[in-house]
Amino acid sequence: MNNLMQLISLNMVFTTLRLAIPLTLASIGGVFCERSGIVNLGIEGMMLFGAFGAVAGTYATGSPWLGMLVAILVGGLVGLLHATLCVRFRTNQAVSGVGINIFASGLTVVLCRAIWSSDGISGDVEQIPSVTVPLLNKIPLIGPFFTNQSPYLYFTVAIVAVSWFVMYRTKVGLRLRTIGDHPKAAATAGINVTRYRYAAVVLCGMLCGMAGSFLSIVQSNLFVKEMVAGRGYMALAATIFGGWNPLGSFLASILFAFAQAIRMNISLNIPDQFLQMIPYLLTMLVLMGVGRKVKGPQAAGDITD
Amino acid sequence: MEQVKERRWIPLVNNLVVSAAAVLLSLVLSAVIMAIVGYSPAAAFSAMLQGAFGSANSIANTLGKSVPLIFVGLACAFTNKGGIFNIGCEGQLYMGAFTAAITAIALQGMPRMAVILLSFGAGMLGGALVGGFNGLLKAKMQINEVIVAIMLNYIMKFFTSYWVNGPLQEEGSMIAQTASVGEENMLTKLIPKTQLTTALWIALAAAVIMYFFFARTRMGYNIRAVGENALAAQASGVAMSSTIVLTMAVSGAIAGLTGVTEVFGKTGKFVDGFSPGYGFTGIAVAVLGRNNPFGVVLSALLFGIMEAGSMKMSYVAGVSTSMINVMQGLVILFVATPNLVKFLNIGKGGK
Amino acid sequence: MLAVEMRGITKRFGNFAANDGIDLLVEKGEIHCLLGENGAGKTTLMNILFGLYRADEGVLKINGESVTGHSARKAFQMGLGMVHQHFMLVDALTVWENVVVGNEPGKFAIDRKDSIRRVQEISDRYHFDLNVTEKVSELSVGMKQRVEILKTLYRGAEIIIFDEPTAVLSPPEVLQLLDIFRDMKKQGKTIIFITHKLNETKAVSDHVTVLRAGKSLETVATADVTVDSLASMMVGHDVSLELQREPSRPGETVLELKNVRLLPNAQSTVSMEIREGEIVGIAGVEGNGQKQLEELILGFQKCREGSIYMMGDDVTRWSTRKRCGKGIGYIPSDRHQRAILPGFSIQDNYLLGNQFSPEYVKNGMIRRKFLHERTLELMKAYDVRAVDEKQSAGSLSGGNQQKMVLSREVGKDTRFVLACQPVRGLDIGAIRYIHEILLDLKKKGKGILLISAELTDILQLSDRIAVLYKGEILAMRKNEDYTTDSIGLLMAGQKGGQ
């Protein structure tokens, strides 16, 4: 009973939200990328670059906000690499993604050692501080959501809303959805498919970079080797679980984060490993069951035209 | 006519050129990265070679490090031949190592040969079941094999982790690992005090068998045919679903061997999270080896040299051991992009 | 006023002239049929008009304006629209979304209300009977085609090209489409209707231009011609029987179909038998069940109604594998899709389909030596020209690929050969050679089912001919009992041709 109460405690809510932030950002990136017809297995690596870029940027400039921008920029550059390989050179998209991950896990550590002479752990840098929104924090019930929260929480909510709007209410979104399902139809309608693909993959990289920066300069104040620790693949799962829809990805991320939060905050009789398994198990079950109806972009992974 | 005659060598030459060019490009780019960061590439590379070949023991360790990469590379190449992408080797090799270890523990006291054979069989079966399940979902439900494989990787990792952190954890041990499979059941070391065991012969045998399997057997031909043109294979009477499941299952079994030989050649027990991402490196090995079993052996050796030399490179030249991941990542990106090599050729005033 | 003026259009692919000095004059506001058999050059001509190909010679004017440096984008701007045979629609999107994509009202956000209103308005104006907020996946084929038409109308197309639009439609849907054509004409649109169906041509068009073998015959007013005369124009009378076809000596039955339903909406089922030592030809315009016939015999498709017998065995429920074991020489209609492993050596291609034969594979092991000898033998016997047997099959010319497939399939020890579109895409020399091979096989006592869209093939080779129309056999007679006119009419579904 006591445990059940804890499940819905404020502490749980905030732990869940905090864990959901990087997943949401990266999985929305995944949505844009896959909607353009490019499969991205390199989310993990892009996040890792972002995490490192944020710390290195903060270290160089002294400002964590500039660190965040560096993370976004670095992520975008890696996205550009993936896009160039997949679109311009028709590289196997899965292989490119795997290559980016390996490359990222290597280069971040090499650079980390070059800067801080330590394999796999950077020096401390300044964090992005939490904020309390005046006035709003006084409102009962929702007040705590505006008290001592990371600005990333608000960024993320805004990005979810904007992404959903862009995807389902704007020209760009309609065209992107057309490209993912039927690139030829898009091309005959006069849409520049290539340009959209580049833009979508670069955007994905930027969001992944931002997601990575959350891990290193918001939740923490340094870079640690492999600090993304599989969250990139989990974000990919959230992209799919959420039905390639920004809002769905957000909800999926919250669900996955909730499973993690249970692990961290509550002692249940369920072994830890099974809780950790939940996101992957759920995604697979969705693919096997209802997921057969919820189809992803029909032409993802295939750019033979 | 002369020109036409040359043409038939182009695929083979192309493969070699692309792989060699990819390796070269990645080494050059790695050198550039090291130079920019402030290291001496020459010192780093020579230290790496020293570390890999400096003594008989270091050569043995280089070969020892190559062994798991040969297995996992063969596993990836196997499905690639059949037009399937197996990114699930990681999960398969965990399962393989786990089932092999618990089988050996259960069979303690039986003759060495029996323990080894049964454990290897169990390990291959474990990997095959995971791979086969993945293939089944692809064949029967048309679910993309890549995504399922990624999910299975984590599920298997956590599944095995649960057992060695709980019910099957070695008594009195602080480390998440099983009891020992028995010192007497370990594979024989080819050179004492190194990591080189008879697993090397098994790996090389697997490569030879795989070569003949694809070159000489009907099953191998059918798998290749499905990979080349599934509709034509179907028209010739090949049963699609069962071929896909079989391809993934065999690949899973080979991936399972990666884990089994790690247990029986190195650790002696199943250790939680023992794989440093072999499953992903295997993709690089297979792609670099162009899915040819002997090519896989060569590229596994190359990667083994990097792994074995990385420590020396690290303390002599000061570069992080992770530099080898940079090299490997670049190799995989370049080799997967044959058009890039062609493109650079054009740039140099070729055709 | 001419909407489209094409004069002396010539387009060559290598030595082959797909269009050879074609004239096409389309008046504004008319329905103009472009009539011709497959391979007559219709698609090439329309691709030139639409800016996808550039003509080697000739003049192209749209609305009196001479066009050079033509591109698809420019074609849009000049008011051209095309309704493709394969729909360019996204199932997951609604009708209006499919229509407006690329030209959405609104600045950044789409003005939904306006979009829906505009698309619905066009749909209603032409009596399309569409609810534009419905998802495309919910629509029937006929309705999807209307969405395609909507796309062109929404973009303000004045000249709309329809590429074989009735091929995918059921008879009542065809009638509705023709009504839509008339509606569009009333509203001043110009329609170019590509077809090979005579009754539709007669029913709806103002003028007809007949294409035959890459050349245009005169353009005639539809009112001045009969269906019969159109048929003879389309098929031509130059079918020369230069080959020596020996009389058939039919033996045992090798393939029998009993009451097999080819198309779900066919009015009747199909029954026929093929015996040893004869060639049975399936004549008919493509899309009338040929593909289904091919796939049912091989077992790629499940046979839902009727039964299939091979050499006396009921194989209706057999797998492809088991049927192949019974002995089928199979030349697929799409050799690239079904018969060739392009990256494999020629030698390994000769193994395809033989890998279950004990001659080639023993105890699961390929008999390389036998395969090698057999490959060389067949390559020589059938004149497959390659550097050597290790060359990749994909690098062979089309004719040599087909000879490779043919020799492999007839080299099998089978009594039955299914030859589908065996000469498609080949030049005259290769066609001639393949004809000779098929006749030779008949002499050797094999039973051959020949499915071909080329009427000349059918007439030159077949002992008996079945005419397939909308999944039914309209007639099954001896070759001698047809005239080119009567067969042409039957192919167009005119039972009066009897």
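Just so it is clear, A, B and C label the chains in written order, and each chain counts residues from 1 on its own.
Simple rule for what comes next: a residue touches a chain if its C-beta (ideal position, glycine included) is under 8 Å from a C-beta of that chain, and two chains touch if they have at least 3 such contacts.
This is a predicted model, so every value here is computed, not measured.
Highest C-beta contact pair count among chain pairs: A-B. In terms of the distance between Cα centroids, chain A is separated most widely from C. A straight line joining the Cα centres of chain A and chain B is 29 Å long.
With each centre defined as the average position of its C-alpha atoms, the distance from chain B to chain C rounds to 47 Å.
Annotation for chain C: no residues touch 2 or more other chains. Contact residues on chain B toward chain C in their complex (touch as defined above): 4-5, 7-8, 11, 215-219, 221-222, 224-225, 228-229, 231-239. On the chain C side of its complex with chain B, the touching residues are 298, 300, 319-325, 330, 332, 337-344, 348, 351-353, 355-356, 361, 364-366, 368, 387-388, 390-392, 395. By the touch rule above, chain A contacts chain B in their complex via residues 39, 41, 81, 85, 89-92, 94-96, 98-114, 119-120, 225, 230, 233, 236-237, 240, 271-274, 276-277, 279-281, 283-284, 287-288, 291-292, 301.
Touching chain A in their complex are the following residues of chain B: 33-34, 37-39, 85, 87, 137, 141, 143-144, 146-148, 150-155, 158-159, 161-162, 165-166, 277, 280-281, 283-284, 287, 314, 318-330, 332-333, 336-337, 339-340, 343. If you check the complex, the residues on chain C that touch chain A are 72-73, 76, 84, 88-93, 97-98, 100-104, 106, 108-110, 112, 151.
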